[in-house]
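Below, each structure is written out as C-alpha cells.
In the two complexes that follow, chain A is the common piece, with chain B as its partner first and chain C second.
Here is the complex of A and B:
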C-alpha cells in the first residue's frame, strides 16, 4: 500500500464519516432508552421510541394531513408543470426565455412571502365571493405550494422534452393521427419516466415544505409543522425513530431501483445472456427487482415484529434503580463529608441531616429533638424544614 | 383498369411560400403525374423541403394552390391528406415494436388489433423482412429501419408518398441497393413518389422526371437524360454532373447553333433552351468532361496537362487552356492504354452538339 492509496482511503473514510456520521448517530439514539437523544452513556436497548412516535396524536394527524396535501399537490402540479413545459417548447426563442424567467420566479421567492401572500390573496377572494369554505388549511396549502412546486415539475419536463424529436409528432400526424392521439400515443409515453420523477419530486417538495406551509396551513398542521413545533418544545428520541423509518424507506427504494436499473442495463446491453448470474434460474429470480423488494420488505417486517415484541422495561427499571442507588450513594458520601468537617471544627450541633439544616435549625429551634431524621429526602429539605421544624417534626 | 385507378397527381398552381421577407419557394408551377417517380433536386436551402412540407400539409402556401388528385388542399391538415411522408431521420417510434410502428396508421383509425397485426405482417412480407415485427426499431440496422419506415408509410395506403432525403444517412453500398429497392417498391404499389434529394445520382437513377431547384426557383423540369444533356440554365448545367464553363461573347447564331468567341478561340455549339442571341451578347459555353475528346478535329484547341486524379473506371485529367482550367474525363483503357504525362500538350475538341451555350447566370458553386 503506497502513500497515495493510504491518503485516498483516509480521505474517502473522512468524507463518508462526514456525510453519514450524523445519520448513524441519530439512528443509534433511537434505540437508547435515555430520555434525551444521545449515544453515551448507553442505558438500555429499547424500541419504545417507535411506539411513542406512533402514539403522538399531533404528529400522526399531521402525517395524514401531509398525505392529503401531498396527493393534491402532485395531482395539480404535475399537469401544470407539463403544460408549462410544452408551452415553452412551442414558443419562439425570445418569448420563451422571458416566460421561462416568469415561471421559474416562484422558486426564487422566499417561501415565507409565498405563504403570506397566499393567505392574503385567498382571504380577499373567499371573502369577496362568499366562498368561505375554501378558506381552510388544506386548500390554501395546496394552492400555496403549487405556486412553486409546479415550477420544479416543469424543470423536470423541460429537461426531458429537450430530447424529444418533434418529427415524431409530425410523423404521427402525417400517418393520420389527430393531435390528441399524437399526444397520447407518442408524447405521453415518451414523457412517462419524467412524469414519474416529477410526481416523486413534487410529493417530496410538498411533504418537506415548512416556510410556506406554516402560514397557509392555518390552524391545522402538517407533519413538518407538527415536527417543528415538537422540536421547539424539547426533543426526544422518538424523532430519531422517525429518522430511522425515513432512512429505511429511502434505502429500500434505492436498492429496489438499483436492482431494476442494473437488470434493465444488463438486458439492453446484451450482458444478460453472458452473465452466469442470469443463466442460473435461482440467482436470476433473486436479482429480479420485485424479489429484491419482497426480500427487503420481509426482512424489515420481521425486524419490526421482533422489535415490537422486545420489552426493555426490566432493563429500564434496573437502570432507574441504579440511578436511585447512585443518588443515594452520593448523598451518603456528602453526609459523611459534612460530618467529618463538623467533627474537625468541633461544632456541638448533634448529628444534623444536612449542611444547612443544622445551621438554621439550630437558630430557629433551640429545642430541636435529638433524634436524627435520616429519611429526609434532600440536602435542602433539612435547611428549610429546620426553619419550620416544629410543624414538620410533630 | 386505368379508369379505376385513383387520380394520384399533384398540381402546384403558382405556389409561393414566404417566411417574413425570405422567399423559400418562388412561383412553383408544375404537375406531377399519377404514378410517377418525381424528384426535387437541389442544394441544401433551395426550398425543396419547404415544398415537400407544403404538399404534405405541414405548412400552407403563401400564394397559389396545391391540388392533390384534382382537389384543392387549402385548409386540409396533414392527417387528412392522402399523403404519407418519410422523414429524413425516419421518425420511427422508438417505444413501439416494429409491428406497432407499421400498424400505427391503422391503430389511430380504430382498426382491431388482430387485423392490425395481419396487415403489419403483410407489409413486412412485402419489404422482405418477415418475422421482425416484435423487435424494437433500435435493434434494426439502417437499411431495415429504412424499409420499416416505408412499410409504415404504405400502411396508410397513400396516393402520394413523399420522401425527404431518406437515404442520406446510409452508407454508399446500402444507398445504391436501396435506390433499386425503392424503385421496385414504387413500381409494385403504383403510388406517386415525390422524392427530395441533394444527391443527383439518386435523382437521376430513380426518377421518371426531375425538377432542379435553386434559391426557391424551379430551374428546369424534365427526364433525367434531358436534364443532364440539355440543361436550360447555367445553374442546372453546373449543378447536375461535372461541367466545364467558358465565358465568351456571341459572334452569330444560325438556327440551333451559335458561335462563341472565348479567350481560347471561337467555338461552335448548340444553343440551350432554344434561345435567340444577338452578336455581342455575353454567354457561357458548357462542355462535359467526358465529351472533351483528345485528338478530335471539331472545335479543336490546345491545352497543357496539369494534374491527374485516378478513380478506377475513369481518369480525371486537368488541363490549362488560356486562363481557364478544364476537366477531362478519360476512360481507363487498362494496361493496354496509355495516359499523357504531366506538362504535356494535348489537342482537344468536342462535337458542336455536345457543347451548350447558355445565358450568364448564377452557378452551383455560387449558392
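Here is the complex of A and C:
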C-alpha cells in the first residue's frame, strides 16, 4: 500500500511538473533581456518587456475589440444557455437527449468550421438583403462565438438546475404567486451563482477563442488573433511578459477563491472550523477573502512599482559590448584564416564584412574556410545579437 | 411536435408567459439561426463555383461537384494524394494525441478520485485548472520557448551530453504533439474523474483483498467504470485536436500541414470560399463519422459527453 502511495505521489508530481514547467519557463524568459525568449544564456534581469508589451498598439487595440466582443457574447450567450438548460429540463427523455446532442454539438465541431459557416451564411444574407451593416467583424464574431459559448453556459446551468428543488416553485404557486413571480423570485435567485460563473466562463471562452474568431473577425483583430499573428511572425519575450501578467491574475483569483471557499466551509462548520487559524482573531481576520485579496494586490503593486523603477541598461550595455567584442574576435580570426588561405592559393576570396557574414561566412563564400563553428548557443547568439541589438538599445 | 408543445405548456404553467416565451424563442434562435442555418449555408456554398461577385445569381452560378472533385483528384485527373495525406495525417496525429492524453490522465484522475484527500485534492484541482486559464496561444508559445533550438530542452540535453547539436523538435513535430496533448488535458481529466469517482472504493479494496494484482484491479474494476468518462474525454480531445488551428500554426513544422491550415489557406490566402467550405465539410464529416464509429465500437452514447 505504502509503495503505491509513493508511486502515486511521484506520478502526481511529474504530472504537475509537466503542467507547470512550460509556464514557469515561459514566465522566466520575460525577465531575460535576450531578444529571443530563452532562459539560457541568461543575459540581464530586465523588466523592459512589460513596457514593450503595453507599447504594442495592435495588441492593445485588439484588447479593446476583445472587450467589446466579450461583453456582447456574455450578454447573449448567458440567457441563451439558461434557456437551453430550462428547455432541456422540461422535455421528455427521448427529445431531451436529441436536443442535448444538437446543443452540445457546437462544442465538438471544429471552431474553424463554425467560423466559416458563420461568415458564409451572413455573407449570403448580406448579399440577399443588402444589409451591409451586418457584415462586420464585431457582429460576425459575436454571432459565431455565441454558437458554442452558449453551450458552455448551458452546461453550468444544467449542473445547477439538477440541484433545484422543484417543490419550492410548487409551494410558491400554491401560496398564490403567479408563475412569473415564482420564476423571478425563486428560480432566478437560485440560479444567481450559476449566472455569475457562466458569465465568467463565457467571457473567458470568448476572449480566448482563436479558431472561430480568426475567420469571423474579418479585417479587425481581437486580442487573441493579434497575439497569434505576433507569435507566428517572430517571437520576443514581451509575450512572456503577457503570460506573467495572466498567470499572476489567475493565481490571485485562485487564492482569493480558495480563501472564500475555506471561509464558507468554516462557517458551515466542517473540519475547517476546528482549524486554529479561525480561533485566533488575528489570523481569522487575515484569512478573510477580502483581506487576502487586498494583501495580494498590495504585494503585486509593490513588486510592479519596484520593477518599473529597475534599470537594466548598464548590464545590457555590458552584454552588448561583450557580444561586439566576441564578434570582433571571430571576425579577426576569420580574416586571418582567409589571408592565410589567400597566401596559400594566391587567389582573392571576397571578404565577408557584415556581421551576418561573420557568422555565416561559410555559406555564402564556398572558397572560404568554414566559419568558426559556434561551440555553444551563446556564440551563435553573439553574432546574431550583434545585428539586432543596436536597434533596441538606442 | 406535440411533445414540444407539451413542454412549452409545462414551462408556461411553471414559470409564466415571459419565461416560456424567452425559452422558446432563445432555443429556436440558437438551434435554427446559430447552429443549423450556418452549416446548411456552408454545405450549399461548397457545391458552387468560385465566382466573382458580379456573376453570382447568373446562370453561371449553378450547383457543381467540382470542389469535392478537386479534393480527391488533381486537375490532370490523378489522385490528389497531397490533400488526402494531410487529412489522414491530421486524423492519425489527433488519435495519437488523444491516446497520450488518455494514458497520462488516467492515473491522475484515479489519484484525484481515490487517492488524494482534503488539501491535496483541492490543490490538484486548482493546479489542473490554472494552466487552462492561460490563453491557448500563450500555451503554444510556451512550448515554442521550451523546444526552440536554444530552448531549455536543447540546452539541458546538450549540457547533459545527450546530444551534440541542437535537435529541431519543431520540425520533428515533438513540440506540436506535446503542445496539443498539454492543451486538452483538463478536458480529459474531468470526465474521467467524474466517472471514476462514482466507483465505490471498497470494490477496489475487495479486489485487492482477493489478491488481484494492481493492473488487474484497474483492468477489471476501475476501467469498466471509467469507460464512459474516457470515451467522453477522448471524443472532446480528438475533435478539438483535429480541429485545432492555433497550435499547428505556431508549433507545426514547416513541412507538415494540419488539415485546418489547408482550409485556412483556401479562405484567407487563395480567397476560394467554396473550396474552403468543401474542405471544411470534409473535415466535419470525417471527424463526426470517426467519433460515431468509435462510440459504436465502445458502446457509449452521445448523451454522455459534457457530463
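Some observations on this one:
Simple rule for what comes next: the second predicted complex is superposed on the first by the 307 of 394 C-alpha atoms of A that agree within 3 Å, B and C clash if a C-alpha of one lies under 4 Å from a C-alpha of the other, contacts with A are read in each partner's own complex, and residues count from 1 in each chain.
Assume contacts are C-beta pairs under 8 Å (C-beta built on N, C-alpha and C of every residue); 3 or more make two chains touch, one makes a residue touch a chain.
As the structure is a prediction and not an experimental result, all values here were calculated from the model.
In the overlay built on the shared chain, the residue A:176 is in contact with chain B alone; chain C does not reach it.
Touched residues of chain A were counted for both chain B and chain C, and C has more of them. In the superposition on chain A, contact of A:167 is made with chain B only, not with chain C. In the superposition on chain A, no contact is made by A:137 with either chain B or chain C. By the touch criterion stated above, A:189 is placed in contact with chain B alone, chain C being left untouched.
By the touch criterion defined above, A:72 lies against neither chain B nor chain C after alignment on the C-alpha atoms of chain A.
In the superposition on chain A, the residues of chain A touched by chain B in one structure and by chain C in the other are 173, 178, 181. By the touch rule above, chain A contacts chain C in their complex via residues 4-5, 8, 11-12, 15-16, 18-23, 25-26, 29, 36-40, 79-80, 82-84, 86-87, 90-92, 95, 97, 99-114, 116-118, 120-121, 124, 127, 143, 146-147, 150-151, 155, 169, 173, 178-183, 187, 204, 207-208, 210-211, 214-215, 224, 227-228, 231-232, 235, 239-240, 242-243, 246-247, 250-251, 254, 258, 271, 377, 380-381. Looking at the complex, you find that chain A touches chain B at residues 165, 167-168, 170-178, 181, 185-186, 189-190.
Contact residues on chain B toward chain A in their complex (touch as defined above): 56-58, 77-79, 83-85, 87, 89, 91, 93, 95, 104-105, 107-109, 152-153, 155-156. Of all the residues in chain C, the ones that touch chain A in their complex are 3-4, 6-8, 10-19, 22-27, 29-31, 34-35, 37-39, 41-42, 45, 56, 104, 107-108, 111, 115-116, 118, 122, 124, 126-131, 133-146, 148-152, 154-155, 166, 182, 185, 214, 235-236, 239-240, 242-246, 249-250, 260, 263-264, 267-268, 273, 276-277, 280, 283-284, 287-288, 291, 301-303, 305-306.
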